[in-house]
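The first chain written gets the first letter, and so on, giving A, B, C and D; residue counts start at 1 in each chain.
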Amino acid sequence: MKIGFVGLGNMGAPMARNLLNAGHVLHVFDVSASAVQALVEAGAQAAVSPKAASAEAECVITMLPAAAHVKSVLTGDDGILAGIARGVAIVDSSTIDPASVKAFAALAQQQGNAFLDAPVSGGTGGAAAGTLTFMVGGSVEAYERVKPVLSAMGGNIVHCGDTGTGQVAKICNNLVLGITMAGVAEGMALGEALGIDPKVLAGIMNTSTGRCWSSDTYNPFPGVIDAAPSSRGYTGGFGTDLMLKDLGLATDAAKLVRQPVFLGALAQQLYQAMSTNGAGKLDFSSVIRLYRRDDAAT
Amino acid sequence: MKIGFVGLGNMGAPMARNLLNAGHVLHVFDVSASAVQALVEAGAQAAVSPKAASAEAECVITMLPAAAHVKSVLTGDDGILAGIARGVAIVDSSTIDPASVKAFAALAQQQGNAFLDAPVSGGTGGAAAGTLTFMVGGSVEAYERVKPVLSAMGGNIVHCGDTGTGQVAKICNNLVLGITMAGVAEGMALGEALGIDPKVLAGIMNTSTGRCWSSDTYNPFPGVIDAAPSSRGYTGGFGTDLMLKDLGLATDAAKLVRQPVFLGALAQQLYQAMSTNGAGKLDFSSVIRLYRRDDAAT
Amino acid sequence: MKIGFVGLGNMGAPMARNLLNAGHVLHVFDVSASAVQALVEAGAQAAVSPKAASAEAECVITMLPAAAHVKSVLTGDDGILAGIARGVAIVDSSTIDPASVKAFAALAQQQGNAFLDAPVSGGTGGAAAGTLTFMVGGSVEAYERVKPVLSAMGGNIVHCGDTGTGQVAKICNNLVLGITMAGVAEGMALGEALGIDPKVLAGIMNTSTGRCWSSDTYNPFPGVIDAAPSSRGYTGGFGTDLMLKDLGLATDAAKLVRQPVFLGALAQQLYQAMSTNGAGKLDFSSVIRLYRRDDAAT
Amino acid sequence: MKIGFVGLGNMGAPMARNLLNAGHVLHVFDVSASAVQALVEAGAQAAVSPKAASAEAECVITMLPAAAHVKSVLTGDDGILAGIARGVAIVDSSTIDPASVKAFAALAQQQGNAFLDAPVSGGTGGAAAGTLTFMVGGSVEAYERVKPVLSAMGGNIVHCGDTGTGQVAKICNNLVLGITMAGVAEGMALGEALGIDPKVLAGIMNTSTGRCWSSDTYNPFPGVIDAAPSSRGYTGGFGTDLMLKDLGLATDAAKLVRQPVFLGALAQQLYQAMSTNGAGKLDFSSVIRLYRRDDAAT
C-alpha cells in the first residue's frame, strides 16, 4: 500500500521502518532532513512537505510531539489536507488532547477523509520491535480499514470507540500510571524507613492487593527489578517530562469536562517538582527520590 | 498442639475453626460470650480470661481490633503474660502499629516469650477458606516454630524480617492499595466523563501500564467486574472505615520516622470524606462516588 | 477624552458608566445589543464593532471573559487593531494568562500601539463604586498616560512592572486567596466538629497568626460575619466557577514556567468538586460545605 | 499569690520570670537543674518534684513539650495531683491534644481541682515581653479565678469555652497558619518565576484579598519584610518541626472526630519534606524553599 508518513522522531522512525519491512511504499516527511535521509536509505521516498507525502497515499500516518504540530501538518498550506485524495484515512498516533482530535476529525470529514486517533503504548522498544499497542478512536468501518496497516507496527490494535476515545484511553491509563508509580514510591520508601527489606516488601505487594505494573514490572526502588530503569540510575525508560506532559493532558481534559482529579493533580505536582529539580530526562520512576532520605549510594 | 486463642470476631472466629479442623486443642477467650459459645460448640474449650486461655498453651494467638486491645489482653492482671509458660510463642495477627509491636515484644521477651507480629491479608473469605496470607515479623527460629500452626489458617506464610516487619509489610501494601484504588477510581470516572466505555477502558488498563489489582480484580466501576463489590452496590468487601484505619496506621508510622507520604495523606482524606458522608461501612472502592456525577443508577 | 470601550458585562458596564460620569466621551461595543443600549441611555455612543469603537479613540479599554475573546476583539477583521490610530494605548482589564498578554502586546506594538494588561480586583461592587484596584503591566510611560483614565474607575492604580505583570499579580493573589479560603474553611469546620463556638474561633484567628482576608472579612462560616456571602446562603459575591477559572490560570501559568503549586492544584480540585456538585454559581466560600457534616440549617 | 510552676524551658522560664516580677511567690520544678537554678537566682524557690511545687500552691501552672509529659507530671507518684490542695486550679499552657485535656481534667475534677487548658501564642518573644495570648478552656468561674495570674504573663486572655476549647482554638489557628504560609510561599514563588518583583507582589496581596499574616507580617520571601525570619536566613522564629507538631495535633484531632482536612494533611507533608531534608530547626516560612529554583543566593 502507498502510505504517507509524517514525523520521524524516536517513535516515528522505527514505526516507519516496520511499514517498509512489511512491504509498503512510503513517502515520508520530517522537519529534520537527516531523519528523512535515514528512512530514504531504508527504502522510503522523500517528500518535500506533508502535502507531497499525502498526494498519492492510500493511508496517511502522523506521529508528532503535540497538538500544535498536528494542526500545522494537517491544515497548513503545504499540509496533508491540501494534498490528500478524497476517502483516504488519516491516522494520528501522536498523544494529544481529545478535544483537538475532534476538531481535526471535523476538518478532515468536511473534505471526505476519515481521521482516526491512534496513540500508542510500548515506548521506543515496542516501536522498534513492532509490538506497540494502538488505542484507536473512530468509526468501526475506518478502524477495520486501517487495522492491517497498524498491525505492521503493533501487536495489539484496540478499537476504543468513537473519535477521540483512543486518546481518552491513553490519557486515563497514564493518569492511573502516574498515580500508582508515585504511590508505590511512597510505599517502598516508607517500608525502607521502617526497616523492611525492599525486595521482601515488593515480593509481598506483588502477590497481594498492592500489586501493580509500577510494582511488579517497573519497581522504582533500585535493585528490586534488574531490568527496570531504577536499577540503572533511572536512565532510559519513560522520562519524567513525558509523564508530566501526559498528566497535563489528563488534568486539562478533566478541567474541560469539569471532573475532579485530586490525586492526579497532586501527582502532577510531584513530577513537576522532580523536573524543576533537574530530573526531567530521568525515568519517571525516579519520583521515589522525593521520598528517600539518602539516595547518594543508589 | 494446645493453643490459646483470644479474639473471636469476624476474622478470629473462622481462623480458630480452621485450627480446630486441623486437630489442635483450643482454649478460647472473647469479651462476647456468644462468640465463645459458638466456638465451644465447634469443639473448643472456653476460657474465663486471656490468662486462663494461655495457661497450658504451647502457642497463643491473638486477633484484635487495635493496639489498645492487644495491650490490655497481653499485660492486664488477667492477661496472657500473667498466665503463659516460659518459652511459649505469642502470635498477634491484629493489624497494629509497628512501634506497639516492638514494645509488646520487649515485654514478652523479658519473661522469655517470643512475640511475633503476623497480620493477615485475604479478608473474611480467606479466613474461612484457610487461605490467608500471613506477614510475619520475628526471629527466624520463632517463625519456623509457629509456621506449622499458621499454615492451618493460611496458604501463604511469609517471613518479613525482624519484629514489626510483618506490620510494616501490611501497612505499606495497604498504603499502596488505598492510593491505587482511588487512582483507578479517578481514571475510570474521568474516562466515563470523556465518553469511553468503562469496560473498554478497564480492558486497556489491564493489559497496559495502569494495570493493578484495583483495576483488574476489584475495579471500582459498577459492572466492569461481576464479582467485585462495585457490581453489588459496594456491599461486602473491605469497608471504607477499615481502609481508613490502615491509612491512619501508615501515616502515623510515617510521622514517627519523619517520612513524607503526599499521596497517602491525601487518599486518607478522600476516604475520610466518604466515611463522613455515611459510606464507612461500604466497600472502600465506593470512593469512586466522590468522582462520579450521577451514581443514582448504580 | 474620547474612549473606545469593548465589553459591557457585569464588570464592564459599571466601569463604563464611571467613565461617562467623569466626563469622557465613550464609543461602546458589546455583542449584546441591550447592553449597548443601556450605556447609550447613559450617554455613550453605540459602535457597530470594536473597530468602529476604536476609530477616533484616544484610549481603548476592553473587559472580556477570556483570552479567546480578547484575541478576537483585537485581531478580527472588525477588530480594534484594524481601526485604532497609531500611538493610542489599549488597556485590557480582562483576567487572562500572561503569555497571551505578551502575544497581544507584540501585535499592538507592531503597529505602534501600547497594550497594557490591567486586571482588577474589587468585584461588581467596586466596579459600581469606582473603587476598583487596577494591577497594571506595561512601560512606565504608557502607565502614566492611562492612569488618569483608570482613576475614574478605581481607587488604587498600581504599576506592577512590564507587560504581563498585572496579570501575574492578579493570578498570584487569587491563587493565595483560593488556598486561604479553603484553609479557613478547613479550620472553621474542624473547630465546629471539636466543639468550639465559631465566632469565638474566628475572633481568635483574626487577632492571631491565622488572620487573613478569608477569615476576618469574608469568613466562610455562616453567621460569623453578617456582611459576608456565607451569612446569606452564599449568594452574591465571587462565584466558585470564577475562582475555578482563576486557579486554572494560575496552575496553567505554573505549568508553563515549570513551577510546582501543590496546594493550589489541590485547592483547584476542591472548588472543582463543589462546581461539579452544582455550586458553581454560589460564592466560592461555600467550599466549606465540603467539610461540614450538616449544613442543611444554613 | 503562691504559685507552683512546672516546666522551665524556652517558653516556661520567661513566663515564670514575669510571675516573679508581678510579685508572686513561685515554687518551680524542671528536670533540668540548671533551669531551676536560673529561676532561683531570679527569686523563685526550688522544688524537688511537681508534687513539692504544688504542695502549698494557690495555683499551679505547667508548660511542657507534649501530652506524655503533662500526664507524667500530673499523675506520677511525685506528681501534682499527689501534692495539690483541694480546690486549687491547675493551668496547663502546653500545646497538646484536646482529648488528653479532657482526660486530665476528669482526673483533676475527681479530687476537686479545676484543670484549665491555656495554650499560648506569641512565641518566646511574647513570653519574655509578657504579651502572650492565652486561649483558655474551662468553666467561666475557673477562668475568672486564674485570669489575674495569666495577665501577668500575657496581654490577651481569651475564654474559648469549656475544657479543651483552648487547645481547639490554638490547633485550628495553627492549621490555618500552616496552610496560609505554604500558600503564600506558593504564590510568591510563582510570581518570582513569572517575573514580577516580589516586593510589588507582596504589596498588592497585602492590600487585596490574598492578605494574611503570612504575607503582611511574616512574608516567606527574603527581603520583603526586614523583620521576618526570611530576611535573616530563616533563623529564629517558629521552627518547621514545631509547625509539624501542631499540624500533627490538628490532623490527629480531625481523625478522631472524623473530619476531612485536605489542605492541612498536604501542608503537613510539605513541612515534613522540609524537615526530612534538614530544615526542621529553620523557621517554618522556609517552606518556600520547596518552590524556589535557586535559593543559594538568599
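The rule we apply is simple: a residue touches a chain if its C-beta (ideal position, glycine included) is under 8 Å from a C-beta of that chain, and two chains touch if they have at least 3 such contacts.
The chain lineup, named per UniProt: A, B, C, D = 3-hydroxyisobutyrate dehydrogenase.
Note that the structure is a prediction, hence the values are computed from the model and not measured.
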item	value
Other chains in touch with both chain A and chain D	B, C
Chain of greatest Cα-centre distance to chain A	D
Between chain C and chain D, centroid-to-centroid distance (C-alpha), Å	39
Separation of mean Cα positions, chain C and chain A [Å, integer]	38
Contacts with 2+ other chains: residues of chain B	254, 258-262, 266, 273, 276, 290
Arrangement of touching chains [line / ring / star / complete / other]	complete
Partner chain C, residues of chain D touching it in the complex	98, 121, 133, 135, 156, 158, 160-162, 164-165, 168-169, 171-177, 179-180, 182-184, 186-191, 193-197, 200-201, 203-205, 207-215, 218, 250, 253-254, 257-264, 266-267, 270, 290-291
Sites on chain C touched by chain B in the complex	262, 266, 273, 276, 290, 293
In the complex with chain B, residue positions of chain D that touch it	248, 251, 254-255, 258-262, 265-266, 268-269, 272-273, 275-276
